[in-house]
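Two complexes follow with subunit A in common, the first pairing it with subunit B and the second with subunit C.
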Partner chain A sequence: MEMVVVAPPAIGKIEDLRRRFFATPLQALLSLASLAVMVFLAWKLLNWAVFSAVFTTSGGPEACQAAAGACWSVIAARWRIILFGLYPYDEQWRSALACLIVVVMTVLSCVPAFWTGRRIALVWGAGTALFYVLMKGGVLGLPYVGEEAWGGLALTLFIFVTTCLIGFPLAICLALLRRSGLPWISRTTGLIIDGVRSLPLISILFTFAIVLPFALPQWLVGDKLYRVILGSALFFSAYQAEIVRGGMQGVPSGQEEAAMALGMRYWQRVGRILLPQAMRNALPATINQFVISFKETSLVIIVGFFEILASGNAAYGTGEWRFAYVEVYAFIAFIYFIFVFSLSRYGAFLERRMSVGER
Partner chain B sequence: MVSLLRNQKVRNALLQILYVGSIAAMVLAGIVIARQNLAAQGITSGFDFLFKSTGWDLNFSLLPATANDPYWWYFLIGIINTLFLGTVGLTLATIVGTIVGLARTSSNELARLLGRTYVDIFRNIPLILQVFFWYAVITHLPTPRAAHEGWGFLLTSRGLYIPFPNVSSAALAAATLAVIAAIALPIWLGRTSRLSLPVGQRGGIQLAGTAAALACAAIILVAGRLADSPLLDFPALQGLNLRGGLRIPPEFATLAIAIAIYGGSYIAEIVRGGFKAVGKGQVEAALSLGLGPWRVFMLVRLPLALRAMLPILANQYVWLMKATTMGIAVGFTDFFMIVALTINHSGQTIEAIGILMAGFLVINLSLAAIFNRINKAIALKGNQLRA
Partner chain C sequence: MISGNSPRSSGPAVLIENLDKYYGTFQALRKVSLSVDRGERIVVCGPSGSGKSTMIRCINRLEQHNGGRITVLGTELNDDVGNIDGIRREVGMVFQHFNLFPHMTVLENCMLAPMIVRKVPRADAEATARRYLEKVRIPEQAMKYPGQLSGGQQQRVAIARALCMQPEIMLFDEPTSALDPEMIAEVLDVIVTLASEGMTMICVTHEMGFARRVADRVIFMDGGEIVEQAPPDEFFTSSRNERTRQFLSQVLGH
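Entry: the complex of A and B
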């Protein structure tokens, strides 16, 4: 017998549009309202940011203030202070190069070929060391620039990178300790993790920056920057530890029992059986945590660091550019947006890719 | 001795003692050193300072506060300020998030796109940047003389002025309670087993309950009106200053707006996730039973989605409550800022940090407890098919 395949009747473009957007009166109303809002906002935004905007510095602040649209001249005039802070003018190429290193490091970490403990540690360790040497100088003929002169985007990235570099191993340690079979060790660790998680990050940064020097012996106080990085790493690791622990719980107990039966020792079991599978389970949440942590580095402005938000405040805060605050904040928001949005898109992509086998 | 160390039990005990002991020793050493350092600066430790007067003023307080008030009163005000900002911010964020989240799950592609754009923009910009932005916007508003005006509202750089009922504060509190009752009463009436009426036929009683509670609120407001004044007090320019109405300080408005917009984008994602978790089969079953789209939404999708999103929503609320500490960035005297000011002015560092930790622990634990209660109350009983 011959099979008859009936294709659905082809519909025209207009019919397709009608079905998608004007199927019922309510749908039509919703479509039109959304369209109106979108067109209105897009027009307002474009008009402000492009059509009526001033892009050149030639007219100075006065000509700019008179314009109806955005005054991008403030960025043209002040981009160096926003990106590099108080870093010496002649050395700012170092600061730019250092930012580039972080971008390369992040991109490399997204490539699956680097997803082994040793390689990823190598990329981050070497990258951070290079960043530090480049920024600080004092060797290879680079003039010395102390941490107090670091600022802008480079400082934001430095705090973020070191936070992750210290926080990630710490998180794995905390997760292992919390999973420990010895009740007092797991309880104490649980108390520390939950305690840190219940506090706002600002209060932890404040404690590490301003209160901790009272509670430490003189030789341990160190620079404020490194204390704040430690505090932020502690906060990161408390959250990340719970993510890692969640990943470990997803590893079937048979895996560890099999490893034990094969006579593997504790570190072999952890390093070769438990962690690789746990990290795979925890990957989407981990990327999410990195994204959150990057956004939260901006909080160090509260304890008085000259990171990108503070340098932005300084860029418009002085006299002649006072009116151009929206443009400066839009510029900084755009920088954050690029970093955060691409990372979170990548996270969503990974999540989709990894869930393919489970359907 | 060596054989003792080989014993698994002894080794485990030693390990635990070592771990807990070293952490305890570190904390104790820190406290001892801090006490010495502070004593060298002439600061005696202890909680006596709580009863001394502070000597500095607050720029925002719901309760009366003067510089003569003791520290414990200021801490209390700080907690109330934090809770108040948190409640306002969370309510606004929930409203924004629900609207955007519904747009993101709607069947209309354009509405979905609009919701998605909102979430992508505001979720990916740090909250503190948004706080600074809104603060700059509000403080750059015109002076009271040239204020933006509309519907009785006045927007100025000194704050937002809104019309406000001319009633005594006690009557206002009572009326607020009545309005809350108007919302809670129909929910309770719909669930309680004390009424003999079947659950499906309680619409009339619920409506009557709400109407009665709202009427109560109106009567309280009219009765509690201050003598010789109109019921609604509109802000207006008098000389160089604005009189009348309620002034929302720029700091509070900034934080409420920023938390509403940023939190809204997160809550929108939670709402979307909740609706996505509702099984397709449930909706199809409801449709095939002949329920209209509205009833499918109210009776099937919403209740199931609510249960799926509540635990995540609770976490988000705790997070947003902690985000009120951004107040220190713009000078809003929330709990954390009062602790920071206390450390600055009195030097009672350890005690103030202890109070800060205890305060946030209590706030977080009570929020978690409330949500656990709600979660348990609305959880589906028994083992039901979800897919």
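Entry: the complex of A and C
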């Protein structure tokens, strides 16, 4: 008998939908019911956020409160406090520019032309220095603004970026020490990592901000902001070190042997063979850790810093806008979402890019 | 320290004297002694666990020996890091599982060590790499990643990578054991060519046809000892040693 090969018939979009959602009467009913609920919720949300919302400050808080929808006027009236905190009003352009620098650094990091260790270090080193000079001033005719007046989005970004900038190299050092051939080094490092990991971040921040000044000599104390950043970097590095170590374990031992047999020294093997492959393995978990760290910056509120979430509290907390907290939080959530979502997409982009030539 | 082009002492390429190696309490090598002349081609065979891989891995200090002496090109292999680095620059190695760097292209695999270890300028390193890729007959694969190549091709790249360091001695640690049968010949052909050009080589392998064709001397190891060493004609035809004859009958018997 002759074999007849029949290609599966091409299915149109509508036919596909019908098969998936309306195959039986019961299925059709359930599909329609879910659709109705979704439309209803979407309508409610849109109605609140857009159609019945108040966008202008002209009517003042009272008119806004009377409206059925969202009161976005609070954002229009208070966005500067949310984004810049207590930073002097006339200098807030500097804070905005500083935030823009972080965005530019991030975008540059996505360009493959910058993917050599030296260039990436240059971008982040120079960018962070520029950020610092802009924020702090005192040079180039920029009025001085002390760290205690920094706030809002700029402070959140500053804490996040410096935490990663200090914490990431530290994490790599810890991971390398932990796989040292000398037991007393690897065990001590393990003890430090496990010790830091078993403490809550809040207690570390509190210790670095409040307790440490009593224990350190005066010249070592420094500004509270930098102590807090150090504490948060230490916390970050303890977790990241384990992520990096996990990535290293995924690199076959033959890789290091081949590099040794070619005469490469320790740091050449680490820099050229071990770390590039380990970081590739560790990428998904690393992006995860970055995302967590970004959101954990909000904990600095307990040691008295006005990062974006605390600034938001202040924005609605004063008198006439007290009723509009939902709108303020929605706005802040939106800002967090933009940054964290970009971070995740960047991670996905890196993964796709690195899977070239994967075994 | 050995430098790239200074006149060398005229002694053997590799001199191993009374080598002992322990893994914990297990003794992997027992008083192994072996002298390999310059240009000599040695094939090492023996049952698995006989210490043959361990022995050649001691020569470039992938394993640290516990007793005895190893002298490579006149330099003693000891705890002196300068000596170890110097010897590794002159001793190329090819592994059973290729161990190519998967995050680099074939060309980059071949250029990396010459550039960062020997400080060869990039253009020269690339020219050398392309020349050796030509020699192992895969110049067209230069821009691919190792994962895109067959096992036989990967092993030939690994040979080219080792040759790019312009080594005096080549060590082969079962270079064809992880290959599909149809790819063994293409790799052996490359090694045979290399042997015919006078490269000093020590090759651990079970390919007895290859040993017969190429080797100046065949070493048989068992239980961490060198049991017998002889030129291939003598080794394959008139060995009087019981363990050697048993091994040969197993390897050649089918």
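Everything below uses one rule, namely that the second predicted complex is superposed on the first by the 322 of 359 C-alpha atoms of A that agree within 3 Å, B and C clash if a C-alpha of one lies under 4 Å from a C-alpha of the other, contacts with A are read in each partner's own complex, and residues count from 1 in each chain.
Quick note on the criterion: a residue touches a chain if its C-beta (ideal position, glycine included) is under 8 Å from a C-beta of that chain, and two chains touch if they have at least 3 such contacts.
Please read all numbers here as calculations on a predicted model, not as lab measurements.
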| item | value |
| --- | --- |
| Contacts of A:Glu257 with subunit B and subunit C, given as first, second, both or neither | second |
| Broader residue contact with subunit A after superposition on the shared chain, subunit B or subunit C | B |
| Touching partner for A:Gly222 - first (subunit B), second (subunit C), both, neither | neither |
| Partner chain(s) touched by A:Ile273 [first = subunit B, second = subunit C, both, neither] | second |
| Partner chain(s) touched by A:Gly138 [first = subunit B, second = subunit C, both, neither] | neither |
| Partner chain in contact with A:Arg265 - subunit B first, subunit C second, else both or neither | second |
| Which superposed partner A:Met38 touches (first subunit B, second subunit C, both, neither) | first |
| Residues of subunit A contacting subunit B in one complex and subunit C in the other | none |
| Residues of subunit C that touch subunit A when the two form their complex | 60-62, 85, 88-89, 91-93, 95, 97, 99-103, 105, 112-113, 116-118, 144-148, 158, 161-162, 165 |
| Residue ranges of subunit B in contact with subunit A within the complex | 12, 15-16, 19-20, 23, 30-31, 33-34, 37-38, 103, 106-111, 113-114, 120-121, 123-129, 132-133, 136-137, 140, 322-323, 325-326, 328-329, 336, 339-340, 343, 349-350, 353, 356-357, 360-361, 364-365 |
| Subunit A residues touching subunit B - in the complex, by the definition given at the top | 20-21, 27, 30-31, 34-35, 37-38, 177, 182-185, 188, 192, 195, 198-203, 206-207, 210-211, 214-217, 295-296, 298-299, 301-302, 309, 313, 323, 325-326, 329, 332-333, 336-337, 340-341, 344 |
| Residue ranges of subunit A touching subunit C (in the complex, touch as defined) | 252, 254-255, 257-265, 268, 272-273, 276-277, 280, 354, 356-359 |
